[in-house]
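We call the chains A, B, C and D, going by the order they appear; numbering starts again at 1 in every chain.
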Amino acid sequence: MHKYIFKRLLLLIPVLLGVTFIVFTIMSFTPGDPAQLILGESAPPEKVEELRAEMGLDDPFLVQYFRFVGNALRGDFGRSYRTKREVFAEIFARFPNTLILTIVAIAIAVAIGIPVGIISATKQYSLMDSISMVGALLGVSMPNFWLGLMLILAFSVGLGWLPFAGFEGASSIILPAITLGTGAAAIITRMTRSSMLEVIRQDYIRTARAKGVAEKKVVNKHALKNALIPVITVVGLQFGYLLGGAVLTETVFSWPGVGRLLVEAIKQKDTPTVLASVVFMATTFSFVNLLVDILYAYVDPRIKSQYSK
Amino acid sequence: MLKNKKFIVILSAIMVFALVLTGCGPNNPEGDNGGGGDGEAAKDSLIIAQGADAKSLDPHGTNDQPSSRVSKQIYNTLVEQTVDMELVPGLAEEWNQVDETTWEFKIKEGVKFHNGEELKASDIKFSIDRMLESKEVAHIVESIESVEIVDDYKIIIKTAKPFGPLLAHLAHTATSIVNEKAVTEAGEDYGQKPVGTGPFKFVKWDAGDKISLERFDDYYEGPAKLKTVVFRNITEGTNRTIGLETGELDVAYEIEPIDKGTVANHKDLQLIEGPSLSMAYIGMNNLKEPFNNEKVRKAVNYAIDADSIIESVLHGAGQKANSPIGPRVFAHNDTLEPYGYDPEKAKELLKEAGYENGFNTTIWTNDNPIRLQIAQIAQAQLKEIGIEVTIEPLEWGSYLERTANGEHDMFILGWVSVTADPDYGLYPLYHSSQHGSGGNRSFFTNEEVDKFLEEGRVAIDAEKRAEAYKKAQEIIVREAPDAILYYQTQNVGAQKSVKGFQLHPAGHHSIYEVSFE
Amino acid sequence: MTSSIAEKRDITSKNKNKKRSQWAEVWRRLRKNKMAMVGLGILIILIVSALSAPLIADYEDVVIKQDLINKLEEPSLEHIFGKDEFGRDIFARIIWGARVSLVVGIVAVGISVISGGTLGAVAGYYGGKLDTVIMRIMDIFLAIPSILLAIAIVSALGPSIINLMIAIGISYVPTYARIVRASVLSIREQEFIEAAKAIGASDFRIILRHIIPNALAPVIVQGTLGVAGAILSTAGLSFIGLGIQPPAPEWGAMLSTSRAYLRYAWHVTTFPGVAIMITILALNLLGDGLRDALDPRLKQ
Amino acid sequence: MSKKELLNIENLAINYITDDGTVKAVNGIDIKLDKGETLGLVGETGAGKTTTALGIMRLVPNPPGKIIEGKIEFEGRDLLEVEEEEMRMIRGNKISMIFQDPMTSLNPVMTVGEQISEVIEIHQDLNRQDAMKKAEEMLELVGISKTRSNNYPHQFSGGMKQRVIIAISLACNPQLLIADEPTTALDVTIQAQVLDLMNDLKEEFHTAMILITHDLGVVSEVCDKVAIMYAGEIIESATLKQLFENPKHPYTLGLFGSIPNLEEESHRLKPIKGLMPDPTNLPTGCKFHPRCPYGTDLCSKQHPKAIEIEEGHRVKCLIYEGLVDAEVKK
């Protein structure tokens, strides 16, 4: 198992190299001159040239890339073109906000999705099942920025219960997390339901029933653990998806997260910020994947024995 | 079983890591952010929302509006510009012009920086030298050749050539005076650790979220009335209004046009409106067919109904422009007649120019929603005279780069004459030396205009300058290198309990006088 | 020798027959799924109205023609969905918007299916180093959140309908590569592939004729849901200012540009929002139905 | 009802109601079983054997399955009448079942020890540790080292898994064991071992057993009585001896004809022609008539009654009702 984890961590290196290379390429070979952007709408060409040279933008592409890699290996991601701030400090200030938003959102999604999915699977074709499935379908169908705007109107303007924006204490996370988590909740509900329906048909569930195991226990002990295996994958995938997709929610709620920083940085061709944010995201994403795989092993002994090999 | 234990250890390690990370997030619930106009007696904390986070609080490191709005509270400039655009002493007590290129400034004594240092002539020399080194703001002070320290409270500024608008430039927020020691100590991180002489000192910056300032008790003009000021970053325009309504914000900049009525009619809120120094225009590439033909450019001017744009896009928050610089800017030429909306005349001009059947062209814009709307209206109106326009939204980066390269046909941009001096408002946009990235993206070339703009720049005598600029405006409007649309009215929404808030036409409003009733 | 070839051929042709009847079987099962048929029905209505949009409203005179005096007009008999902030008929824009949204969704998914599918098929079929290289590259793409990849690509290429489709398409390539690779791996081991190899069919032919049709089921399901995802992604991109060029009507852009009017003119956001929801709902219902219908374990 | 009688099924009918039509899986069957006795339930795939077994356990999946009528008397009580909770206390305790496929019948995420001890915990008043101890004993009993009780199913071979299942089913010393083709999924060599083990344990615990199989060879080794099922009906039932020496029903004869017999010289196997009828569309009259070499017009119209031709030997065929004239030969 250790060996497996080590191997996976090792794999992160080529992935990060690849990710940065792709992003660096996109940032370098597309129109838009960072120097021009820094200097704004009125900047004499010589000034722009001067700044380009100073920023090292005139060096060959590969030189620039490897300079970045070299510095990054020493923990130096450089300074933002826009804010002049150390990119690492900036991201470290904002990434946790995105992470906490995503974690709360996924927690809400799991807390809703799994129980509702189970209930709706065990009571297949019941009213409860229909209601939750319709709810789940609406959940995945709604553009989430729209949902967010309406939640603000309902809970901040209408009822005055919750803050409308920003990160001002614990209550401000509720609306953005719901906005971000709704889609995932819906997907997890559907996945849990179908996985549960699948598992409940299995022979070993029949065996359990034939042993006289109470129905409740059949569901919670025998079926659930098996049904969770594909659900864990989905939760992991959704986590990654939410982490990246948080940008819309962050914009609606003026959430000080890294998604908004990244979009802003992409638009402003702030390459150091873009690279560092993507590295952070990709690393987190890979960690989540690893966590999912470890959880797998925890739930499914077959997979565990595979890892040990 | 043992394996399970290991698993739990790993899992908890990851959880702890996540918690540590998240623990770094803000966890200081704002104590008193309510009080939507209910007049709490002791309220002395102001929360202001603007649409973007400041980039840097190093005034010499950036020249963007969101940063200036915060910097304005932290720093002072030698000369200051009142809300009526009058130049008054700031850190300089008085000044006089020794000769055409030499200015002597006497600096106020006893001015303290937030770090306790006293303001000395050396700080001013250091600041101006630093500006000259800065890529971002050097153009504002580029006329300055040298700063000489006479004594601790007297300096002499020399310009290479006579430079008329020097005082206005020294009032620009980008010429804020910084403390040499603080800058040296903070090094590259100065943008996050600003130290100025202003009425509020910097406390904390939650990146992307808010900047907290605190009253500076040793402010040389006496302490401000508010104890703390927080600048929050609320991106969505409609949400700023919502924040005012819920009482979570005290002041919100740039209320969306559609929301103005809501704020104005709200029992606890007030809408403060006033002129600004910004102008919006549709540029045309004067080097490219068919816009190299003056008649075509004029036809475009006649075809576009600026009033309907002001009405539907800005909900009336604008004034039809008759010149590239607005009435608040020095030497605005108020005798010029704006092109009226006259599609018939436009068609006639097109016919004269040989485009009886119109032509196809493109209009570029960035993703600014106002500009996108203008583009759509312009598209519809130009269609009336037979010009088929395709709208191409571009990313800001490529927009700047490609318009600088002259790849465009038409484009939409705006310009703010921050210094309220025509040099700032006209030179970059219309002088032939500024083609492309310099700011003249219409590639307008007119020797006479060049001459007048240079004249206005070097002349010291106000009347002489005014005359040159008025003539320049006349030619520019006549030759119509672009279609000037409107001067934008700026607005701010605030709780009714907020008193003493005054709009500054340049967009960065001083909070010094603000208080709660 | 000859007999063995004949035999193999027999197997392949039998397999083909099996295929045909299999699709009939899928359709039979799908038809019985009421929800899936509702979804399919909605989609057919959408497609028909998208195709007949020019008959319903003229693009130049209704869809993009502004009427600033009557902007934000409430729904009425004449304009059943009301008018938008430029005084354009929302109903007409939604009908025309169906074209844009469906085309964007389908083409984007087409791009990801074709490129992802090819990569996945090649990786799965040849295995070995080629597989490793392709899949590692896919892993790299997967590690970049897809919406961010799309944002980067659109902002690099500039927002236009084609770039939007390319961006969304590329960002989902790894998903399809993985799906196709997985099913190819399982199909590769099956006997009829051995048989086809034995009669000397080229790799290309085997992939095209045997592997791809057999790997189609999961791709169809994922693709149906993918169209829904692409429509939502387009809406999201519009929201952060990377949508398609105005004044072309696209639901996401309609929804996001009119969000400022949400509180004052309910109809301006409601109709495009509902249009998106119904479409996504229909695609999901159909996708779920297809999943069930294509799942051999449910055959009983 | 004799004192020895354990199970008495009368006129049991089970349907599966699907969109494609109603499947009459079990169609009015009667089974009697005494304590300690072994009944072989023989038939082709789809004859309704497994459904019968699930019916006894009351585990017919509902929907789509439904017990339409009949009674299942176990120790004198009709199982179709008892409460679900009580039924649960019977399952795994008084009646237990071994399923066909050992590969899928064990929960992959629980250790085999847990899976055995669970049944003990439910039905016997033992705490977890004691139950586990008992489970380990059971493992030893079926020939698996108790050290492996912490292992998961995937670490066992098919035969071993079936042994685990046998351990589960016998852990509570049931009165009746239903074994649904317990060896079909196993290798031939393993089959014999597993069968022997079951037989030994059954003898040891005095358990009655219903052995579901399509293998007459297995039946001859293990069973006391045999019932032949065809299309949801028992068409012939008899003692082992009666049936093997004197099979009556043309279908039974067909079954014998389709297995090679080493003792008798026979030149060719005679498989039963045709296929099992479509369960949603069963033939009228005698269900076997389309495939029956003696089938007549009447066979397609009249449903045969069960005729007892000697004590304990019942046949459902119009020939033995005297309505069809034919001489049935091997």
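By our rule, a residue touches a chain if its C-beta (ideal position, glycine included) is under 8 Å from a C-beta of that chain, and two chains touch if they have at least 3 such contacts.
Small disclaimer: the values here were computed from a predicted structure and weren't measured.
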**Q.** chain D reached from chain A - shortest hop count over touching chains
**A.** 1
Q: Could you find the chain whose CA centre sits the greatest distance from that of chain D?
A: B
Q | Contact-richer chain pair [B-C vs A-C] | A | A-C
Q: Kindly work out which chain lies most centrally, taking the average of its C-alpha atoms as its position.
A: A
(Q) Can you compute the centre-to-centre distance for chain B and chain D, using the mean CA position of each chain? Integer Å is fine. (A) 87
Q: Calculate how many whole Å lie between the centre of chain B and the centre of chain C, each centre taken as the average of the chain's C-alpha atoms.
A: 44
(Q) Centroid of chain C to centroid of chain D, CA atoms only: how many Å? (A) 50
Q | Centre-to-centre distance between chain C and chain A (centres being mean Cα positions), rounded to whole Å | A | 22
(Q) Counting only residues that touch at least two other chains, what does the list for chain A look like? (A) 30-31, 149, 153, 157, 251, 267
Q | Overlap residues in chain D, where contacts from two or more other chains coincide | A | none
Q: Would you please write down the residue numbers of chain B that are in contact with two or more other chains?
A: 236, 238, 367, 395, 398
Q.
According to the definition already given, which pairs of chains are in contact?
A. A-B, A-C, A-D, B-C
Q | chain C residues within the chain A interface of the complex | A | 136-137, 139-148, 151-153, 155-158, 228, 232, 235-236, 239-240, 252, 255-256, 259, 262-263, 269, 273, 276-278, 280-281, 284-285, 288
Q: Using the touch rule from the top, collect the residues of chain B that touch chain C in their complex.
A: 236-238, 256, 258-259, 262, 308, 311-312, 367, 369, 372-373, 375-377, 379-380, 390-395, 398
Q. Touching chain A in the complex: which residues of chain D?
A. 57, 59, 88-93, 96-97, 99, 101, 104-110, 118-119, 122-123, 152, 154-155, 165, 168
(Q) Show me the residue ranges of chain A that touch chain B in the complex, using the header's touch definition. (A) 1, 5, 30-34, 36-45, 47-48, 50-51, 54, 79, 82-86, 90, 92-97, 99-100, 103, 149, 152-153, 156-157, 160, 163-170, 251-252, 254, 256-257, 260-261, 267-269, 287, 291, 294, 297-298, 304
Q: Provide the residue numbers of chain A that touch chain C in the complex, in ascending order.
A: 14-16, 18-19, 22-23, 26-27, 30-31, 137-138, 140-146, 149-150, 153, 157, 190, 240-241, 243-245, 247-248, 251, 259, 262-263, 266-267, 274, 278, 281-282, 285-286
